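Structures incoming, each one as structure tokens.
Consider the two complexes below, in which chain A is the common component and chain B and chain C are the respective partners.
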Partner chain A sequence: MSFHIRPAVESDIPFILHGNIVVDEKSHYQAPDALSVERLKRDIFSDNPRAFIDVAELNEGELGAFVFYSYCYYASEGEGIWVTNLYIDPLARKTGLGGALMEHLKSKFPTCSGIYGAIAEKIH
Partner chain B sequence: MNITIRPAKESDIQFILDGYFLINRETPMQTANVLTSEKIKRDVLSPNPKAYIDIAEINPGEPMGFIFYSTVYYASTGQVLWVTNLYVDPFAQGRGIASVGKMLIWNTVKRIPDAQGVYGCTEHNNHNAINFFSRIGLKQFEHFLMIGTNDLQGEPESD
Partner chain C sequence: MNFTIRPATESDIPFILRGNDIIDQLSDLKPKRGLSADHLRRDMFGEKPIAYGLVAMAHNPDTDRLEQAAFVIYSFFYLASEGNSIWVSKFFIDPFCRKQNLGPTIKKYLFDTYPDAPSIFGSVGVYNKVARMFFSSLGADRYDDFPLYGAKRKP
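And then the complex of A and B:
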């Protein structure tokens, strides 16, 4: 399966919201402030974004995955990348897309100290 | 007790490094990287900081603690204050150690008015830190595990 990774655009919002709901459901997590179209427009698709989303487009132009991330800082490590969500559509699983998205982040931010995130203990 | 909070400056670097190494003596980290004077100058005390340090003083010129922080974004929460280090000098014990820690946290929260939370991490078996954070209002998230890598040359595993 071939794919192309690019920054998300506003027309990707339905896919991003769907993926976010799926991730929250899998982690049995009730978000205090659920992700919304308004918040995405304000915090991601704005002139001064607080976080970033890159999507993986499959060969037919369909969206297969996204990674939602921001900068973070650790006293010991320095600046890193905080992955708040990594979603892979069921049809695109077992294709190396998750690893490709991580590789994409590593090459996009070559000087960052690491890639970090948090997951629910119930997700194995 | 009169506590004042102010942004760190270059003359605080030694105090910050001393506090940082005391914290990490109690909770040894699995990392080869350490905070240095150069890193503080480059990433914090520069015109375009990547992180921030505020100092708590009980008397002018007598630093008692610091908070080292940045912001992080959570999809399901929004922007949160991320505390990478919170240090209170042991000398402040008995003079309101929790007050100093609490003031450092909540003063910073006020400076980031759209922050939706205050997050940080500590070792799961560091009960002193967990108790201290609990006393200043930061509770342990019950069911989250932190994951990550500093090996940015490593091969990804197939998903």
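And then the complex of A and C:
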């Protein structure tokens, strides 16, 4: 399966919201401030973004995955990348897309100390 | 005990490094990079800071002087579930100023300074009992269901 990774645009919002709901459900997690179209527009798709989303577009033009991330800082390690959500559509799983997104981040931020994220232990 | 809280400056670097050494010892941590004066100058006091610091000053009864009593190093990160949040990387209180409510005061200072930040997060070494008790005393919840994963860049 071939794919192309690019920065998300506003028209990707429905896919991002869908993926976020799936991740929260699998994590058995109820977000205190559920992700919304308004928050995505304000925090991601604005002149002063707080976080970033890159999507993987499959060769048919459909979206297969996204990685939702921001900068983070560990005094003992330096600046890193914090992955708050990584979603891969069931149809695109086991194709190397997750690893490709991680490699993409490492290449995009060559001086970052590492990639970090907190993952629910009770994923079902 | 009275104290004042102010943004950290370069003159606080020796105090921050001393506190950081104590934290690392308590956490039984041997960081890959470690923290140096050069790192602090670049990351916190350079043209484009990527982290920030607060220092609390208090009267030290042992020396009868106004001294640095605590520091916090923090930055911002984003949680899809909450929004832009504060990440506390280091939080140190000098022994002479412990049990004086300084931790909650600094937490309130951060929330007051960044009213849009919904939460403050930090990661504590599982072997650092002092830090775990300290964060609990701040009213922080422990997220046992969300262990932190990190993929360090290989040299």
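Heads up, the rule we're going with is that the second predicted complex is superposed on the first by the 123 of 124 C-alpha atoms of A that agree within 3 Å, B and C clash if a C-alpha of one lies under 4 Å from a C-alpha of the other, contacts with A are read in each partner's own complex, and residues count from 1 in each chain.
The rule is short, and it goes like this: a contact is a pair of C-beta atoms (placed from the backbone, for glycine too) under 8 Å apart; a residue touches a chain by one contact, two chains touch by 3 or more.
No experiment lies behind these values; they were computed from the predicted model shown.
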**Request:** Could you check whether chain B and chain C clash or fit when both are placed on chain A?
**Result:** clash
**Request:** Would you sort A:N20 into first (chain B), second (chain C), both or neither based on which partner it touches?
**Result:** both
**chain A residues touched by each partner, larger count belonging to chain B or chain C** = B
**Item:** Partner chain(s) touched by A:H4 [first = chain B, second = chain C, both, neither]
**Value:** neither
**Request:** Applying the touch criterion given at the start, work out whether A:E103 contacts chain B, chain C, both or neither, answering first, second, both or neither.
**Result:** first
**Request:** With the two complexes superposed on chain A, say which partner A:R50 touches: chain B (first), chain C (second), both, or neither.
**Result:** both
**Message:** With both complexes overlaid on chain A, does A:T95 touch chain B (first), chain C (second), both or neither?
**Reply:** first
**Message:** I'd like to know which partner A:Y73 touches here: chain B for first, chain C for second, both or neither.
**Reply:** both
**Item:** Common interface residues of chain A - those touching chain B in one complex and chain C in the other
**Value:** 20, 24, 29, 31-35, 39, 43, 50-51, 68-80, 82, 84-85, 102, 106, 112-122
**Item:** Of chain A, residues touching chain C in the complex
**Value:** 20, 24, 27, 29, 31-35, 39, 43, 50-51, 68-80, 82, 84-85, 102, 106, 112-122
**Message:** Per the contact definition, I'd like the list of chain C residues that touch chain A in the complex.
**Reply:** 20, 24, 29, 31-35, 39, 43, 50-51, 73, 75-84, 87, 89-90, 118-119, 143-153
**Fill in**
Counting only contacts in the complex, chain B reaches chain A at residues 20, 24, 29, 31, 33-35, 39, 43, 50-51, 68-79, 82, 84-85, 116-117, 143-152, 156-159
**Request:** Would you mind writing out the residues of chain A in touch with chain B in their complex?
**Result:** 20, 23-24, 28-29, 31-35, 39, 43, 50-51, 68-80, 82, 84-85, 88, 93-100, 102-103, 106, 110, 112-122
